[in-house]
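Consider the two complexes below, in which chain A is the common component and chain B and chain C are the respective partners.
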Partner chain A sequence: MANIAAQRIKREFKEVIKSEEVAKCAIKVELVSDSYTELKGEIAGPPDTPYEGGNFVLEIKVPETYPFNPPKVRFLTKIWHPNISSVTGAICLDILKDQWAAAMTLRTVLLSLQALLSAAEPDDPQDAVVAKQYKDAPDMFRLTARHWTAAYAGGPYSNPEFDSKIRRLADMGIESHDARVALSSFNWDLERATEQLFS
Partner chain B sequence: MGFDLARFQGTVDEELICSICSGVLEHPVQAPSCEHAFCSACINEWLSRQPTCPVDRTPITSSELQPVPRILKNLLARLTISCDNAHCGCTELMKLEVLSSHVDFCEHNPKRPVLCELGCGLVIPKDDLKEHNCVKELRAYVTTQEKKLSEFHDELIEQQITLSEVRRELSFVKEFLRAMRSSHPAMRAIAEQFEKDEVKRWANTLTKARVSRWGAMISTPDDVLQSLIKRSLSESGCPVHIMEELMRNCHERKWPAGLASLQTRQRQRREYDNYVCRRIPGKQAVLALACDNPHMAEDLMTEPGLVMIFALGIE
Partner chain C sequence: MAENPVLEAWKTTVPCRYFASGSCREGDNCKYLHDEALLQILSEGDGLNTTAKRKDNVARSSVDDHNKCTGSSSGNNADNQDNSETRACTSTSQRDKGQLDTGTSSNSDSTESQNNTEPIICQYFQQGCCMFGSNCYNKHDPTEINISASSQSCSEDPPENNSSSTSVTVPLASDALSSDSSMSPLAPNGESLEDQRSPARPESESIETKTTLRVNAPEFIPSGFVRSIPSEASVVVDEVNDTKEASSGKTWAQVVNATAGNGVPSPYTSLCPYAEAGECPYAENCTYLHGETCEFCGNNCLHPTNEDQRKTHTDECIKQHEREMELAFAVARSKDKQCGVCFEVVVDKNPASEQRFGILPNCNHCFCLACIRKWRQAKQFENKIIRACPECRVTSDFVCPSMYWVDTKEEKDKLINAYKSALSNKQCKYFKQGRGKCPFGNKCFYLHAYPDGTKVDTGPPIRRQRQNADGETDVLQLFLWDFLDERDNRWLYSLEDIDLMAYFSGSDDSDASDIEMY
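After this line comes the complex of A and B, so read on.
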């Protein structure tokens, strides 16, 4: 790993650990390898959003050319959000692409991602299904996102109606995650989800 | 790239940190309008990818970067830093402003050039001394020299080929000129003028000489001496069309009446200092060219000139 990248990451690592956001448990960074090329980030779902109460784990890969190129970040925790792929966790955020600037740090990236959770950009989606729902059925979107937060990120708000629909499909031999994806994609219409799963 | 923060004594103000490398600013420069400061190497690397300030994305280019204010330079100069060679045992602490002059002479510098004392005479970085093997190094040196030599040799051969081609072309051109000359009187005049100019040009490249001992003149040079003089003439750039004639005029049997015999020579000795002579490079010999000596009496000069060889006494 290039000298400059290692020096930066070591310092940023300390910066995040000392920051007040860590004190408030809003963000967290851990080392995955000793070489500082791979890290694990964690952000708390922002209050007053469907993600409140959840903890979202991120994979952070630091390129050789850091900080001249942005780190590669994706969600490891499954999440229902217009700008994050519900399948791969890939993120659509300008500062992780062409709007990256060398003075940005792990801390600013994590805070930007947290901000993205509060303010989605449905017109620049990473997940078209979610984005469509966000625009056409905002209430359904909020419930679904909150349900995903409870299912994968340890969120406190479970939804008995959704849970029972998933159980119905699980009884038919469907993996509960596949059932959740299908139901979420069809605004929790059990019939259409079943049709799609068995077609 | 800036200096590692861990090398500094005490705390370093956040303002002195480069936001790209997160080290202490090295050769700092700043953006023109927003005045954000960076290490010169860091910001140039960034600008080669994206022409914006890395902090606030104001558009900037490398040529717009400015020196930082004196106060910032002074604050940096005052910081106390450990030596670059701390890992090699240097324990000195110094102000940042004297770091580079210290490192140049630091005895712990692993790259400090030292002379091998085993006799090969090579100067090598100190940290290579342990691995250093005189025979191996010298052999490598010989190999590279041999390679160079063979490259030069190849080049020489190529040059020689080119040269002989050029010579051949030149002789064709001369042949052509000769043919033109004999077929047309005007051409003949031009060619003669051309040859005269050539002789003058060549004469002017030779230095003037003074003969101090006219008595040391060799009036009957042997063939070996003649060929030595001839080679020297040819090397000095003597035009080919007069060379043979000039060389014929180096022997008393071809000299004009005023020089032809010992007797006449003794009689006319006083006149000789009036010759305008030119040195034949590297030889105890001079040229008295007709074009240099129109003032001399007819019996003391001949076309195109005289070659006079001496035992000594040419200045």
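After this line comes the complex of A and C, so read on.
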């Protein structure tokens, strides 16, 4: 790893650990390997959003050319969000792509992701299904996102109706995650989800 | 060594000079005679000294001898010869030499045997500056100071008196030569010069002296001149001086610096360079003028009467002071500045060539030159992104290298103007004095001039355009990046002419190439 990248990540690592966001448990960074090339980030779901109360784990890969190139970040925790792939966790965020700036840090990246959770960009979607739901049925989107937060990120608000639908699909031999994806994609319409799953 | 009969003979006959002065480090291993009785004689009389030599001569031969003493075993013959060669400067007795002499210098021996009868007075002690102190081979006798001080100092001091001062200076040179290098020391001229010196001594006893410093010695007037034509002698010394004054026992300093006494030195008298630089060993006796202390630089360099000199110097000092203050401020404000890209403190970066700031004209964010340049050369982003400040995204057309951080707009403008003007004196490597074409036209920061020096306005920057696959007009971006790459190479090549300004340790390369083309 290029010297400058390692040096900088070390400094940033310390910066994040000392930052007030960590004190508020809003963001967190952990080392995965000793080489500082791979890190694990964690952001808290912002309040007053469907993600409130959840903890979202991120995979951060630092390229050799950092900080002249952005770190590669994706969600390890499953999340229902227009700009984040519900399948792979890939993030569509301009600063992680062409709008990167060398002065940005792990901390600013994590805070930006947190901001992304509270302000989605449905016009620049990563996950088209989620984006469509976000635009067409915002209430359903909020419920779904909150359900996903509870299911995967440790969120507090479980939804008994959604849970029972998933259970019914699970009884038919469907993995609960697949059932959740199918139901979420069809606005929790059990019939269409079943149809899609068994087609 | 031990079985050598000659050396054995030395051990019993040749007295060790270092032992004599109480400083032989060889002790019992010394190859020379350590004789307590002889030591007694030496310490009492100093009588074994043969000639009075200059201290450097003595010192050198002492070193030579002690080298031998500490045991170079090669060439006993050479040792012998060296010994007889240095004998003139030291205290080897006549008797010892008789046994060892290789027959090279019987002439000077005879001179020495004459001198053996009377102790030699140390010239340096008489002048108050014998570095050997109580270990000096020559006699240190306070009561005898008067005897020859005047003649010595007289004959040494006035440089104009070639006729008689040569008797001191020339033998010195020849002595140095003979003790240094030659196997046959004391050539005939050495002998004759010694002869010259001996009769000169009693003659000087009549002249009355009182001083330790040479400047206080009476003005030298060759005795012949004093009696017959005193006016000529004083003309030789100082043409400005009145003849009568000169001959009436004034000191040499007074004669040379005639104006020193009356309190109003001429504005044209030159300042003493020693006093100017620090301390003049002659203090108030110095023949040159000692300036007043400048309150800025603390040197004694203000001429007491020359107003022009005073003003020039004070102005210079104030300017220097301002420059130093400015620098101190610049250093202070640069101290903890962190590069926004590598997060290192710029002035602490390693190597030192990296300790430079890259100042963006349109915002106040701090980067080191290397980082901001690298960012601006990144190929993976749009031009708009990389030409913007990585912190605030305000676009800047170029980066100005600087050794120090600039805070205020004035400082920054000054810096950028100085940078531009420095660049504008360098030939543009695209224009090539008219042989090439510079794509930046009259926006180029470099000099566009023909070989005869006439400057050229090459018009606005060339807008290079091309049709892309869709038939749309597209500004040729590649061209700019080619240029930037090339510029980096140029930067490496031209490191040796980093001399433009204190501020720009690397102003020869250019971010001028970043200027807006679109």
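Observations on the model:
Rule of thumb we're sticking to: the second predicted complex is superposed on the first by the 199 of 199 C-alpha atoms of A that agree within 3 Å, B and C clash if a C-alpha of one lies under 4 Å from a C-alpha of the other, contacts with A are read in each partner's own complex, and residues count from 1 in each chain.
Throughout what follows, a residue touches a chain if its C-beta (ideal position, glycine included) is under 8 Å from a C-beta of that chain, and two chains touch if they have at least 3 such contacts.
A quick note: this is a predicted structure, and the numbers were derived from the prediction, not measured.
For the composite obtained by superposing both complexes on chain A, the positions of chain B and chain C are in clash. In the superposition on chain A, A:Pro50 makes contact with neither chain B nor chain C. With both structures placed on the common chain, the touch criterion links A:Pro122 to neither chain B nor chain C. By the document's definition of touching, both partners, chain B and chain C, reach A:Phe68. When both complexes are overlaid on chain A, the residue A:Pro82 reaches neither chain B nor chain C.
Legend: residue contacts after superposition of the two complexes on their common chain; A:Gln7 is shown touching both chain B and chain C. When the two structures are aligned on the shared chain, A:Ala103 is found in touch with chain B and with chain C.
The superposed model shows chain C running into chain B at a single listed stretch; among 98-106, 224-232, 350-358 or 494-502 it is 350-358. Counting contacts by the rule stated earlier, residues 4, 7-8, 11-12, 67-69, 99, 101-104 of chain A appear in both its interface with chain B and its interface with chain C.
The part of chain A that touches chain B in the complex is made up of residues 3-4, 7-8, 11-12, 67-69, 99, 101-104. On the chain B side of its complex with chain A, the touching residues are 1, 4-5, 19-23, 36, 42, 45-46, 49-50, 52-55, 57. Against chain A, in their complex, chain C makes its touches with residues 340-344, 365, 371, 374-375, 378, 380-382, 385, 388-391, 393.
Residue ranges of chain A in contact with chain C, taken from their complex: 4, 7-8, 11-12, 67-69, 98-104.
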